[in-house]
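Each remark here refers to the structure printed beneath this line.
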C-alpha cells in the first residue's frame, strides 16, 4: 500500500544517486515540484527517462544531476530549444550527458513492455530513419507467422518513476484525468514510484476520463499543491505559458540559470512552493 | 463515419457467409440481438471468434451458422456446459465444428495486435501447457535483447466485429461503460464493424469509466433496445440469471433447441424484440 | 472464467459415517459443536482462512469467489479482489452471480479492459494469490479444464477450456486450488495440461520459465494438500473435521502420501458459518 | 511535438519586391485585392485549403495546428483533429498553445493514453493526413528534426529530436509538410533522416515497408511542391501570389525542377484571412 509522505521524504527515500529515473506527464501534469526537490537533494549520476524532456529536465540537466538522457523529443514546447540540454550535449556543461534517442512510439511502447513484464515491445517504427544507426536499443524482429520484419525495443523498467496527479485518497489510491499520457505505464514499469498530488482527499469522486492507480501499485504519495507548475493540472490551474517563454531567457545563459537555481531551488524552503 | 441502420440491415450488409465474425462482450453487453439476427438471416460457414463463447454462440453453433470457433472459454457462466457447442464438437451436429483454442491472455493479445496493425503479439503464456500441441497459432519467439523465449500469437483481424454498447449519438459516436472487456480492440481489429446500442441519443453525456468509439472507427450502428439480454447493460437493465439457468434445459436437447429456434428466432419479427 | 468448471459438480459419493449425514441437497453435512454444516461450507471456510490480510487475489467465479468474499468479511478486510472481467479491488456486498456481475464493476477501485488485466496486472507478477478451480487435478497440481479423455479431437467430455487459468497459474506468486475431491477429479495424471502446477515435479516450473511458485495449497471438501518440498507431489497435510485419512485415500487417484505432521482443520466458527450463509443468501 | 521545430523560424531573408514589403514582425507581407497579408498567413491558408472535409488529420503544434484549425473553421467543418497528446476529434475554439493544451482534451470526442494514440490509431493506418513541420527537408521530402551537422555525437545544432514524426511519416495515408523555405531548410540531402519521405527516390518506401504514400504535398511560404510521379523528387507546382519562380529557386538547396503545369495560388479570401486572424487572436 502506498505510504503518504512529504515530498522531501518521498524523494529522499525513493530517488538514489545513479538511479534510472522516469518523470512523465505529457504537457499536462508534469512533476516539476518533484524535479526541483531532486535538484535540492543534489542527486547525481541519474539516468533520466522521459518522452518529452522539456523544462523539468532542462533544470535537472543544468543542475548536473544527470549522466544520461533517454528521450524522444527535447524542446521547450511552443517556445524553442532547451538551452541547458543543448549546452550539456554540445559542451558537456556542467557534466557530460550521454543520450539514447527514440521516437515517441518507441518510448511509449518501451513503457508498455515495462508495465507488462515483457522484455521488449514490437512496433512498426524507425524503418529507413537514421535513429537505429545511433541507438543500439532498436533492433529488428521477424514475425513468426508472416515473416514480416518489425522493430523491437527493450522494456523500460526505471528504478523509480515520478508522476504528478490531481488527487489521492488517504489510503493512497491515485486519481488523474485529462491528458493522462504514459504515466500509468511509467509507474507500473518502475521498481518504485512517487506520485505527487494536488491534494489528498477523503473520497475520490469518480470523474469521466479518470485513470486510477490503486494504492498497492504505488510506493509513496506526497501532497505537492501546484506541483505541476508551469505545466497545468486540469481542474486545478492552467498552463503558465508566460513561464515557458521566460524559461527561454533563464535557461539560455549559464549564469542566469545558476541564479535561478540558487534563488528558486536551493534557497527555497520545500514548504514554500 | 458510421451509418445508422436497422439491425436487419446492419447484419445484412456487414455479415456475409464464410466471414470471420467476432462478437465480444465480457459477460456484460453481449450482443445477443445481433446474434439472433445472424441466425435469422441464415448465415453459413462463419468462423466465430469470441473469448467466452457462452449462450450467444451456443445459439449460432446450434443453428448451424458456424464451421469454426476460435475461443478461450466455452461455457454457460454460473450454470455449466454449452450443450450445442458440445454436440457440435463431439457429434458434428448440426455441422462439424473446427476449434482453435487459446487462453484469455492469448485471445486478448490477438485482438490487441489486430487493433494495432501488428501481425502478432508477444506474451508470457502457454508455457508447459498442452495447448500449443493442438493450436498451431501459438509459437515461440526470442527476445532480441535478452534471449528469453516467449509466446507469440497472430493478430486477429475479423471480417466483421459485432458489439453492443449503451449509447450512440446521431453522428454514430459510440459510448459504453462498466465492464468494457475487449470490445474496443475487437472493433478496431476488424475490417468492418456493427455496434448495436440501447439507444441513439442527441448528446453523449460523459460517464466515468466510459469508452468512446468515434463514428469514423465504426461501420454501422443499429438501435437494439434490450439487445444484450440475457446479458446486461449497466445503467439499463440487470443480467437475467434465470435465463442462463433456463438455457441449460433449452440447449440440452436438439428438439428443445429447435423449438426455441423456431419460436424465438425465425417466427419473431425483428421489431418484436 | 476457466476455473468455473469446478462448480459443476462431478459429485462425489461418500459413505455416510458417524456424525456425518447426507443433506437434502445431496451434499454431505457434518454435525459438530451443535452446528451442522456441509462439506462444501467447510471447504469454502478452509479456503477463506488461507487468504491473508492485504493480499491481492485473482479470483475465479464459484468456489474461489465465495471463499475470497468470505475472507474479506471475516479476517481479511483489506483483501484486494481482482476479477479477470476487469475489476481491481471489487467489494461486492453479495456473491457475484458471474465473473462479470455488475456489482464487481460498481464497487471496484478501478475498472479496466480485459487486455490490461492480463498484460499490466497479471503478467508482471503483481498478484499474490491466484485462486483456481479444476475439473481434474493431478498429483503435481496440474489442472485440466479442457477435455476428458485421451483424444483432444474426439474427447469423452468437452470442458470449457482454459480461460484465464494458464497465465494465472503461471504468474501469480502462489496458486490455491479449490476443488471437490473424488477419484475422477483427483487423478494421477491429467488428460490435458490446461494450467501447469508443478509439471512433472521439482524444478519443472523453473525450466518452463514460470515465475510464480505454483500451487502451494489445494483445498478440497475433505482436507488440505501441500506440495512436498522435495518432490512437489501433493501431500495430505490436513483433514477436515469428521474426515478419516482412509476416505481421503479412496477419493485420491494416486498413491496418497500423508504428511507426518497431519493436522485436523478447525471446525467452522459460528461467525464463519453465519457470514458464509449470509453471503450466499444475499442475492 | 517533433514537428514543432518549424515554428522556431530559421527566418528567411527575402528581397523586397514589388507589391511585397517586410512587415513590422520581420515577416514578408503582400498587398493584393486591397488586402495585406504575410507570407506566413498565405502559407497557413494554402495548407488549410489542402485539407478536405471529413479527413482524419494527425496534427503537430505550430504551423500544422494553425492550418488544420483554420480548415475546420472554413471549408472542412468535420475535419477530425488528432493530437499525439491523446485527443481524438478535438474542436478547440482557439489555437492550442501546446500540443497538450487543456482545450484539446476538453473539446475532444475521446481522450486516450499516449501508447494508444500510436498503437491503436496511428500505426494501423487509420489517419488520412499527417501534418508535419521540419527543420530541414530534402528534395525527396525526408525530414530532419534531430541534428544539424554531419556528426551526430558532436552536432553543430542539437534539435529536439523525433517525437512522433517518424511513425506519422510512415503510417499516415499521406503526409503534408509545412515549412518556411530557405536554402538552410530546403537542402539537397538532410543531415539526419528523422522521418522518411521518399527515401532516395521512387520505390524506397515500399522497400522499407512504409505503408503510407509519404509526403504528397509540401507547403511553404513561397509555394507548393509535389513529388514527381516518376522520381519522387519535389517539384514546384504552385507559387503564391507575388512570388517569382526565381525567388523560389534561390531559396531551394537543390537544382529545382518546376512543373510544366505551374499554377499560381489564389490569394487569401477575406473570410480566410479574417478567420485566421480571429483564431490567432483568441488566446
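We just call them A, B, C and D in the order they show up, numbering each chain from 1.
Simple rule for what comes next: a contact is a pair of C-beta atoms (placed from the backbone, for glycine too) under 8 Å apart; a residue touches a chain by one contact, two chains touch by 3 or more.
Chain identities (UniProt): A, B = CoA transferase subunit A; C, D = CoA-transferase subunit beta.
Note that this is a predicted model, so its numbers are computed, not measured.
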item	value
Selected interface, B-C versus A-C, where C-beta contact pairs are more numerous	B-C
Chain A (CoA transferase subunit A) and chain C (CoA-transferase subunit beta): spacing of chain centres that average the CA atoms, whole Å	42
Centroid spacing, where centroids are CA-atom means, of chain A (CoA transferase subunit A) and chain B (CoA transferase subunit A) in whole angstrom	39
Length of the line joining the C-alpha centres of chain B (CoA transferase subunit A) and chain C (CoA-transferase subunit beta), rounded to whole Å	29
Centre-of-Cα separation between chain D (CoA-transferase subunit beta) and chain C (CoA-transferase subunit beta), whole angstrom	60
Of all residues in chain D (CoA-transferase subunit beta), the ones touching two or more other chains	119, 123, 171
For chain A (CoA transferase subunit A), residues that touch 2 or more chains besides their own	117-118, 123-124, 148, 184-185, 209
In contact (per the touch rule at the top): chain pairs	A-B, A-C, A-D, B-C, B-D
Residues on chain D (CoA-transferase subunit beta) engaged by chain B (CoA transferase subunit A) in the complex (per definition of touch)	54, 56, 80, 88-89, 109-110, 119-120, 123-126, 171
Contact footprint of chain A (CoA transferase subunit A) on chain B (CoA transferase subunit A) as seen in their complex	117-124, 137, 139-141, 143-146, 148, 150, 152, 154, 206-210
Chain B (CoA transferase subunit A) residues touching chain D (CoA-transferase subunit beta) - in the complex, by the definition given at the top	1, 115-118, 173, 184-185, 188, 212-214, 216-217
Sites on chain A (CoA transferase subunit A) touched by chain D (CoA-transferase subunit beta) in the complex	26-28, 51-52, 71-75, 77-78, 80-82, 85-86, 89-90, 101-105, 108-109, 111-112, 123-131, 133-134, 148-149, 178-182, 184-185, 209, 211, 232, 234, 238-239, 241, 244
Residues of chain D (CoA-transferase subunit beta) touching chain A (CoA transferase subunit A) in the complex	1-2, 4-5, 7-8, 61-62, 84-87, 97-102, 104-106, 111, 113-115, 117-119, 122-123, 146, 152, 154-155, 157-158, 160-167, 170-171, 192-196, 199, 204-205, 208-211
